[in-house]
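Here come two complexes built around chain A, the first alongside chain B, the second alongside chain C.
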Partner chain A sequence: MADLRTDLAGIRSPNPFWLASAPPTNTGYQVQRAFDAGWGGAVWKTLGSLVINTTSRYGGYNIGNQRVAGFNNIELISDRPLEVNLKEIYETKKMFPNHALVVSLMVEPKREAWHEIVKRVEAVGVDGLELNFGCPHGMAERGMGSASGQVPALVEAQTSWVKEAAQTPVIVKLTPNITDITATAVAAVQGGADAISLINTINSLMGVDLDSWNTIPQVAGKGAHGGYCGPAVKPIALSMLAECARHPQVTVPISGIGGVSTWKDAAEFLLMGATGVQVCTAAMHHGFRIVEDMIDGLSNYLDEKGLTSVDELIGKSVSKYTNWGDLDLNYRIVARINTETCINCNKCHIACEDTSHQCIERHMDVEGKPYLKVREDDCVGCNLCSIVCPVDGVISMVEVPPEAQPMTWNERVKALSAVGSGN
Partner chain B sequence: MDDRLRHNFAEVYPGFTSTQAMDESNRCLFCYDAPCITACPTGINIPSFIKKIATGNLKGSAKVIMDANPVGASCARVCPTVQLCEGACVLNDASEPIAIGMLQRFATDAAIKSGERLFAPGPSNGLKVAVVGSGPAGLSAARELARFGYSVTIYEAKDKPGGLDTYGIVSFRLPQEISLWEAEQVSRMGVEIRTGVRVGVDVQPEQLLEKYNAVVLAVGMGQVPNLGIEGENLEGVYDAIDLIESVKTDAFTGDMDGARVVVIGAGNTAIDAATCSVRLGAGNVKIAYRRTRSEMTAYDFEYSFAKEDGVEFRWLTAPKRIIGDESGKVTHLECVRMELSEAGKDGRPVPVPIEGSEFLMEVDAVIKAIGQTRLLGLIEAFSLDHYKGVVTVDPRTYRTSHPKVYAAGDVIFGHGQGEAMVVSAAQQGKLTAHEIHRQLNRQTAETA
Partner chain C sequence: MSSWHEYMKEKATINDLIAKGYRVTKVTELLDGDDVRFERVSGDGTLEIEELRLLTADGRKYLGSVLIAQLRASSASVSSVS
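Right after this comes the complex of A and B.
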């Protein structure tokens, strides 16, 4: 069995699966249950200023019969007294000395406030701190959370204040509600962050109730934007992770967050440069027990790939993520349909006919049985047909010999300007 | 009907819950040019109505169904879906076919519950059509004609509309309120349904031909014919159609409690009669059929249903004589074993008795279910060409030998013409209406 232990800027964990700072890590009882279930680490729900939470708080986004494809919340940071949290953190760390126990923090952007909370939290014995510069609702209205996290200078300054006081590794958690997340990632590094984590939740309104015309969720007939997360945000999180992972000035390890629900999601995040992952929505949907298959699945995958440790997976796909201008314009694939396994639902045909390049033809064989055929000369290899096909393996995208030597757009522009013909 | 019987005759299969309907409707691939549509005799746009269930547009879903099939709620229950839509589902090749019948029932049940009228009549065109019979074919023709703007009157001999769906299919498979709702949808479009009026008795064919621009004959078929053996008039000998009707109308006065019952015949009505007997409390129910399972006309799902109900099948067994006691009550059925010889004219093997193989069965009831008679009197009263009681029509136009008379449904089924299914009758009714509209429009145009 492969070694699943991870080390994020000195924070060691028996496996790469942490619970993110969120409702699942609100109390000692919950975090202890999570560790019992097998989670390698947990980021305690954010401690800081006094808050009062509303009812209701959550909204689910269901697609067809897939419940919680997306999820949002308007819950704020911990609404329990700091002393109670600190006592439970102390007890939990004593009970689970080998698990990663990180505490999320958020205070107003003042040096003294940061110094004070850092000292109090570190005094009870924690493995690290995570600075919540991401929460998009409620706290932001008071100048905290994503309001801080959207201003690189504020990220840098607050990180450096924390670092003045902190003895344990400091992770800076970034908000995705920003045009270019690498700007705040670099600021965190310049402020002295030992690691960054991303993404926090995305600004969202989950829906409108078609009977009451209220927002979803609603509080006494009114609603406010909340933080969006769950499986639907994974592609957004993955791209932000990849942008940071390949950025030359982001020199610290990254904790990946955003829609991780299975070991496969986790493996993708690891490949794209995360040292570990944090999970929330999947646990809120199914309970802590989901970690069992995450560990088992990842372990089997590493074995299958002949890897002895999770470290060997981290970052292996980062170099494959590049700019559009560096993609080979002469690379060519076309769709091939396996007529033996095709069930003739014609979804590829209509998708191609109406919305792509009109190259999937419907035919009838001599026995009157329908079949579909790709006119390969007109196929641009867009993948659409293979995406809409409901049966795995029926449509394969097959590489065909290129008509010219590989050339990217950037190379083309360069070559053309060399011969002086403009574009 | 007491509580026990009411329970016995409640619909066998509960409908889908909302969760089941959401799960199943979301499983539908929404195929383009889907084969299920082609496999449906009425051409319901099945992916469309299923998608509408998935989006929560139940009214729209029911309209898609009922638009193509005016008796779509009944068909959701009685169609041999495995042979039709579900049999054509592309998912047969990948996993399990979509439960189209159950989804159709879910959508139409919602429409029944809402009580809304689904379709409006067209603006009046001043033309009048009489429809004789309010079964699937008649209702379907009337509904379409009303949408085209015709003034339509349905003549129905029975007290309630719906024909076979109302009277001839056991309530645990098709409750009366379903077909009555379909009829109500049609009457709410302004179609007058004159129940309890017998054409040929209370009103004469000539009167109809005189008063209306066209007549649709959709009278179905009659009672079960005689077996032609001794003892058919004994007490305890039933006509399957009568039996089902009397149970469905709560008029059954016999006593089946603990009875030993033999049903003669192996069509869908025989199955209905057998399972109906089980639910009436019969102690043992057998179906005796002179051919074998391969030749029986009952659908496979009907056969399985009867087996689940504990009905026993006696293949290659033909009735020879029904024996009664002094009080005229049936006590025994004498049967003879059969064997199959070469195929006859209809392509089916001919059963021939094995000499000396006669045997007696102790019985308390014998139910005849060997098909239905033709309503020859009525057909001849309209002076229509027919072959052995099957009205001859142009297969494209459903026009009979009388230019003003069209025919659809069971009245044209038999001897290689037509189909026996409710859904086929519905489609024929629809096409008949379209043809009448085409013809009368043309005539109007010529006159103008």
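Right after this comes the complex of A and C.
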């Protein structure tokens, strides 16, 4: 069995699965219950300036039969007294000394405020700190959370203030509500961060009720933007992770967050450079015991791949992620339809005819049976037909021999300029 | 006409010019396509010029590959001389 232990900037964990700072890590009872279930670590729900929460806090986004494809919340940070939280953190760490217990922090952007909370939290024996520069709602209106996290200079300054006082590793949690997340990732590194975590939630409004015309969720007839997470945000999180993982100035380990629901999601995050993952929505949807499948699944996958530890998986796909201009324009795939298993629903034909390149033809065989055939010369290999096909495996995208040696857009531009070009 | 057939005609024209000893000497990228200038020096030393407008994306892509091959061949011949 492969070794699942991880080490994120000195924070050791029995496995790469942590609960993210969120409602599931609000109390000692919950975190202890999570550790009992098998979670390797937890980031305690953010501590800081005391808040008052609304009722009606969450919204779920269902797509077809998939419930909670996306999830939104307008809940703020912990509304319980700091001393109560610290007592429970101390007890939890005593009970689970080998689990990673990190505490999320958020205070106003003042050096003294950061120093005070860092000292008080570290005094109870935590394994690390996570700075919440990402929460997009409520706290941001007071200059905290994503309001700080969207300004690289503030990220750098506040990180450096924390590092002045901190004795444990400092993780900076980044907001995705910014054009280029690497700008704040680099700022965190320059401020002395030991690691970064991403992504926090995305600005969102879940919907409008067509009967009442209220927002979803609504509080006494009014709504406000919330933080969006859950399976639907995974591609966004993965992209931001990849951008940070390949950035030469992001030299610290990364904790991956955003739509991780299964061991497969986790493996993708690890391959794209995360040292471990943090999970929230999937646990809120299905309970803490989902970690059992995550551990088993990842362990079996590592065994199948012949890997002895999770470390051997981390970052293996980062070099495969590049700029569009460095992709090979002469690489070619085309669609092929298996007429034996095709159910002739014609969805591929309609999709191609209406919205793509008009290269899937409808024919009749000699017995009058309909079949579909791709005119491969005109197929641009866009994948649309295979995406809309309702039967797995009917449409394959297959490589065909290229007409020429590999050539990227950037190489073409360079060649054109070498002979003289104009426009 | 399918863009594939349009491209095949452009490709055949490019290949024909290259086979006749022409080299790509200038490419002008326009909103309507790429204007490509081909040149060769005939046996009596006359400079002969052919111009081609490439309309298809595949045609412009193929020209890029032809041009890169041409530049590599030039570079190789310079290296072997020096």
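Here, the second predicted complex is superposed on the first by the 421 of 423 C-alpha atoms of A that agree within 3 Å, B and C clash if a C-alpha of one lies under 4 Å from a C-alpha of the other, contacts with A are read in each partner's own complex, and residues count from 1 in each chain.
The working rule: a contact is a pair of C-beta atoms (placed from the backbone, for glycine too) under 8 Å apart; a residue touches a chain by one contact, two chains touch by 3 or more.
Predicted, not measured: the structure shown is a model, and the values here were computed from it.
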Touched partner set for A:L50, first chain B, second chain C, both or neither: neither
Which of chain B and chain C A:A418 touches, first, second, both or neither: second
Contacts of A:V366 with chain B and chain C, given as first, second, both or neither: neither
First (chain B), second (chain C), both or neither touched by A:A220: neither
Touched partner set for A:I343, first chain B, second chain C, both or neither: first
Which of chain B and chain C A:A404 touches, first, second, both or neither: second
Residues of chain A touched, compared between chain B and chain C (which is higher): C
Touching partner for A:V391 - first (chain B), second (chain C), both, neither: first
A:N65 touches, of chain B and chain C: first, second, both or neither? first
Partner chain(s) touched by A:M1 [first = chain B, second = chain C, both, neither]: neither
Footprint of chain A on chain C - complex, ascending: 2-4, 24-30, 61-62, 64-69, 71
Chain A - residues contacting chain C, complex: 329-330, 375, 377-378, 403-405, 407, 411-412, 415-416, 418-423
Of all residues in chain B, those that touch chain A in their complex: 22-23, 26, 29-35, 54, 90-91, 93-94
Chain B contact footprint on chain A (complex, rising order): 64-65, 343-347, 349-350, 390-391
